[in-house]
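Chain naming follows the written order as A, B, C and D, and within any one chain the residues start at number 1.
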Amino acid sequence: MIRFESDYLEGALPEVMQALNDTNFAQTPGYGEDEYCDEARALIREKCAAPDAEVHFLVGGTQANMIVITAALRPHQAAIAAVTGHIAVHESGSIEAAGHKVVTLPSEDGKLTAAQIRSCVDTHWADATHEHMPQPALVYVSQPTENGTVYSLAELEAISAVCREKGLILFVDGARLGTALVSSDVTLADLARLTDVFYIGGTKLGALFGEALVFTNKAIARDFRYIMKQRGGMLAKGRLLGVQFGALMKDGLYERTAKREVTLAMRLRRAFEAKGWPLYYDSPTNQQFPIVPDSDLAKLAEKYTFSHWARVDDTHCAVRFCTSWATKESDVDKLIADIEAL
Amino acid sequence: MIRFESDYLEGALPEVMQALNDTNFAQTPGYGEDEYCDEARALIREKCAAPDAEVHFLVGGTQANMIVITAALRPHQAAIAAVTGHIAVHESGSIEAAGHKVVTLPSEDGKLTAAQIRSCVDTHWADATHEHMPQPALVYVSQPTENGTVYSLAELEAISAVCREKGLILFVDGARLGTALVSSDVTLADLARLTDVFYIGGTKLGALFGEALVFTNKAIARDFRYIMKQRGGMLAKGRLLGVQFGALMKDGLYERTAKREVTLAMRLRRAFEAKGWPLYYDSPTNQQFPIVPDSDLAKLAEKYTFSHWARVDDTHCAVRFCTSWATKESDVDKLIADIEAL
Amino acid sequence: MIRFESDYLEGALPEVMQALNDTNFAQTPGYGEDEYCDEARALIREKCAAPDAEVHFLVGGTQANMIVITAALRPHQAAIAAVTGHIAVHESGSIEAAGHKVVTLPSEDGKLTAAQIRSCVDTHWADATHEHMPQPALVYVSQPTENGTVYSLAELEAISAVCREKGLILFVDGARLGTALVSSDVTLADLARLTDVFYIGGTKLGALFGEALVFTNKAIARDFRYIMKQRGGMLAKGRLLGVQFGALMKDGLYERTAKREVTLAMRLRRAFEAKGWPLYYDSPTNQQFPIVPDSDLAKLAEKYTFSHWARVDDTHCAVRFCTSWATKESDVDKLIADIEAL
Amino acid sequence: MIRFESDYLEGALPEVMQALNDTNFAQTPGYGEDEYCDEARALIREKCAAPDAEVHFLVGGTQANMIVITAALRPHQAAIAAVTGHIAVHESGSIEAAGHKVVTLPSEDGKLTAAQIRSCVDTHWADATHEHMPQPALVYVSQPTENGTVYSLAELEAISAVCREKGLILFVDGARLGTALVSSDVTLADLARLTDVFYIGGTKLGALFGEALVFTNKAIARDFRYIMKQRGGMLAKGRLLGVQFGALMKDGLYERTAKREVTLAMRLRRAFEAKGWPLYYDSPTNQQFPIVPDSDLAKLAEKYTFSHWARVDDTHCAVRFCTSWATKESDVDKLIADIEAL
């Protein structure tokens, strides 16, 4: 079976594994207070053109979302997210478990607009009974979104502007950030400039695990390590995160890997289009969502794995194919040939 | 600098790294639903003589303690722990953040007694206003304790008996369990038989990270994966935990490693005693706590790291030296020679 | 100004005030463990034909909803509610603050259907990734709803049946229960028979404050007083709740008061209809929601208060007029005359 | 049976009941946004010489403690309290349920000292692993304490000074504040000047229920009404609190009532001392704690209720007798006569 159902099916990039092997016997303090983490932090600050940013490492995305939002909000405050946002649909209620409502706004493609955010906040404050409703205080967006779509720089600038005007915290979930960096006009420096906090995802882009959080808002970052520890997010052998991000951030490995993923995904996309399969979302990144006849899906399922996304009509489903750092060109060739032959 | 301040200063055992390297390109489903995890679970069940036990893997100890207690208690219930218990003193209030009070009982050596537990529970229920106090419902003990001491089988049986009589959940934190397995008469099968849930620590015994939870109480384990996910504890590439525990549980690697750690620690202990340094705790495991004159500490600190534990008097401190899977025999030789030469 | 904007504008029924005055100097134990509470509990059990039901008193509705749901759910579980349900829209995120997601289902009139509930639960369990989503475990319905509408006995029986089939807890918010008792075919005995827990609202029906919770599901009620106390819901002078519910439950005062409220509301409803003002919801209870031209609203606002509910079009709003135990017949007369004269 | 076991055995002062009766039919907005509340707030600000203070009303003390601490702390922060503090021992873990640890300091008489607080905070920050422990951020003291003792102005000023130096929030639980106002040199204006937030207790001093919170720290008070609502503390008929505090704060009723309570308590105290019964605590307020031979207690228990506090030795118990606004002088006479006759 050749697997395309997600981008966390394999271990880590050879360069990352090599770095872990090379440093295995080094002795360092625990909890992220080692030189590998410091070095990785310095690399990240430099790439973000944010010399004053505070950088923390966590193990996974749900953990990162939960801990950042826990640190950022007072008890009565809520996060705004697209109805498709990962925190709204696929994290087992982690934000609610931390005490906060996720206020969801409609979205066709997984993105929010500045106008939606403005309207949501204005509506809240205009209501005479707003004290009886959670107070929207943070905007959560994913770059790329859960549907593979990306915000343009203009869109992100508009969102950032409304957040600053309204006193909202802007938090960008970058679980697959690399693929957006190579397929949009938004750079790491833009993210550092426009958001309060965002993260560079490692788990879904070449690391065994790990997300690198970049805080430019110091008020949220204050005492963040206490909250990391309290919520089970402070890795004892924290240097594992530093070692991995050190490798990813050096010599363009992160971007090069993302570029390769996206290139392979675009080959798949062209094959879907050539076959006449419409795309459920217009994704320029490593997740592709063709709408496929059920009969064809059944045949593909004999050799390939993919994720069912949505039933479109009685005879068609939208499904997801992902590429990853480990996807073999030869497997993409096989899949394309099999699609053509259907 | 030769480091002895903790047992999580290095990466992982060569066998564990080898297993991670060997499986790096294998494609598996995420979230612990892969064959490596299944295989490790089967090995653990077998070693525990608990064919029906439910086994889950988490990344770290604080996370494991927080998620188990979250799953086990109703909102008004409390955990009983020794005043020195890790959940009581060194997890940034994670149990309180999950909504539960930690009721602490005094302890000289880090251990609780069955009589203390009985008295605590009886006192609660005898109080006419018990509804105005958190209800003790779970007993948390560490094997070995944070002070390196161990429960004997008789002690653990007495605690288990009082828990069952009083309807309390018994949860054993085994962050360093291996060292207790080789220095007490308590086996994995005893733990499975006597507790509701316990864990086999990997982070502090040869893994990069990871704790293997063994539930014999199915009511607590019910829906545990939801709660793991909700609290940020479900690793995307869950197979990393299965691969590591697979390696540790095969061919006696876990116990062999623990045995080596303890053997080196006993050499240190004898050197401390030979020097006339009293031991702050009577630890048969890999943590040793000599009481050392400040002047000698200053000299040792030029070449070695260790943890300050407690000031004993104006001129003496109790400190902690730990051995680990990676401790070099030659480093122990050097330290002993330097102690003798003081 | 004559006020119609809500049904908690005044104090309490004269009979309730009399009972409070009469018992003011009596000495009783605190926290609801007094004879007045016991007497009120007995009356309620009798009226509910539920001799084994457990009855607890709380001060207000948000408190009741929050504490019941806190007691009923495990950490990963969610409440299902109509999108208009009070817990979903008007309690400042109290359920989320207690750690639980409110899963909202669409509703035109404020009511849920058994089919919706079944579909929601089946969808959850059918999803291969259901562990990544909050688990629906409790159904929250209001009788009457926030929009004044009521469930028929057949509707409630269907909901109860699906809850029992699917293992869901059924919780009925009866903040205005009296008005549904006199305008639907659902009795207190039906509620006790069909739900796990419901409450009889006092705050909005003649008491100074107070909600009487009736539990037929003993598992949820277990240790409920601990959780009441923990969440700030155990009134020190608990007898005030017993005294008030004692008065309300005796001699049909509760139902008689509800009947009067509804009768006055029906007079308003007929006046709205006679004027040609459509009704936004078809409410047989004490809340009425006419759609009124803005120009008429401006004139009414000079003499009367009412609640703005929704803008219907550029020149019309839906507004809410409530009657209460204290509404004067003469005030209703005046309002009707003024409407006719518009 | 004549009851002395607590000070919440009866209803409310006649003046308070009269005010409730007089205003019963008045129509006002809900949720504390009425003129009675505004008037009571103005009276309180004036009595506190704090024209800018923000005043909010809650129903009870546990609720007040929980909601204030919820509003005041970030997730990783802890409250410091005496080991006997109400939040530490008698609120069913409400602070922990809100996510925060209560760090308890030893106390013989229920009071904390400035030196203890300083030491606690300094110890925290001096520990290299302080991020692994809850961060002390708020000091909770009761005036009078749970043991009837009171802080002098000098003591409170010292505590306030250390709190300001160390950046700690100072919160005074005034559930029985009136009795301290008439038995110490600390005034309402001192409390407003020296604390961040405190409350004037009504439940235990002449009201049916109610606590008036006075915030001089605006950062904590920000959005406080959202949090009141979210935690079930916003009374629908909020004017009931305004009406009661309006009555209590006018014409010295609150202080006069406290004075009477304390005067009666001092008569009891003298009777205990005359009998040769030592006092367990040296209380100048309405709670008195004589140490009584068991045989005498048995006789008293035939006619009087009181609270068992602590077993002192095999034949003596410390018990609590309370006076309240409603205590009859004749009942005190009877009790004293019966003590003399023992």
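Observations
The definition used in the following text is that a residue touches a chain if its C-beta (ideal position, glycine included) is under 8 Å from a C-beta of that chain, and two chains touch if they have at least 3 such contacts.
Being a predicted model, the structure only gives us computed values, none of them experimental.
Counting C-beta pairs in contact across A-D and across A-C shows that the higher total falls to A-C.
Distances between chain centres, each the mean of the C-alpha atoms, put B farthest from subunit C. Subunit B and subunit D have centres, each the mean of its CA atoms, that are 42 Å apart. Mean C-alpha positions place subunit A and subunit B at a centre distance of 33 Å.
Centroids of subunit A and subunit D (each the mean of its C-alpha atoms) stand 49 Å apart. Averaged C-alpha coordinates give centres for subunit A and subunit C that are 42 Å from one another. Within subunit B, contacts with two or more other chains are made by residues 75-76, 91-93, 97, 99, 131-132, 134, 226-227, 229-230. Within the complex formed with subunit B, the residues of subunit A that make contact are 1-3, 5-6, 8-12, 14, 17, 20-21, 23-30, 59-63, 66-67, 91-94, 97, 203-204, 208-209, 226-227, 229-237, 240, 326.
Those residues of subunit C that touch subunit B in the shared complex are 31, 70-71, 74-76, 99, 131-132, 134-135, 223, 225-227, 229-230. Those residues of subunit D that touch subunit B in the complex are listed here as 75-76, 78, 89-93, 95-97, 99-101, 129, 131-134.
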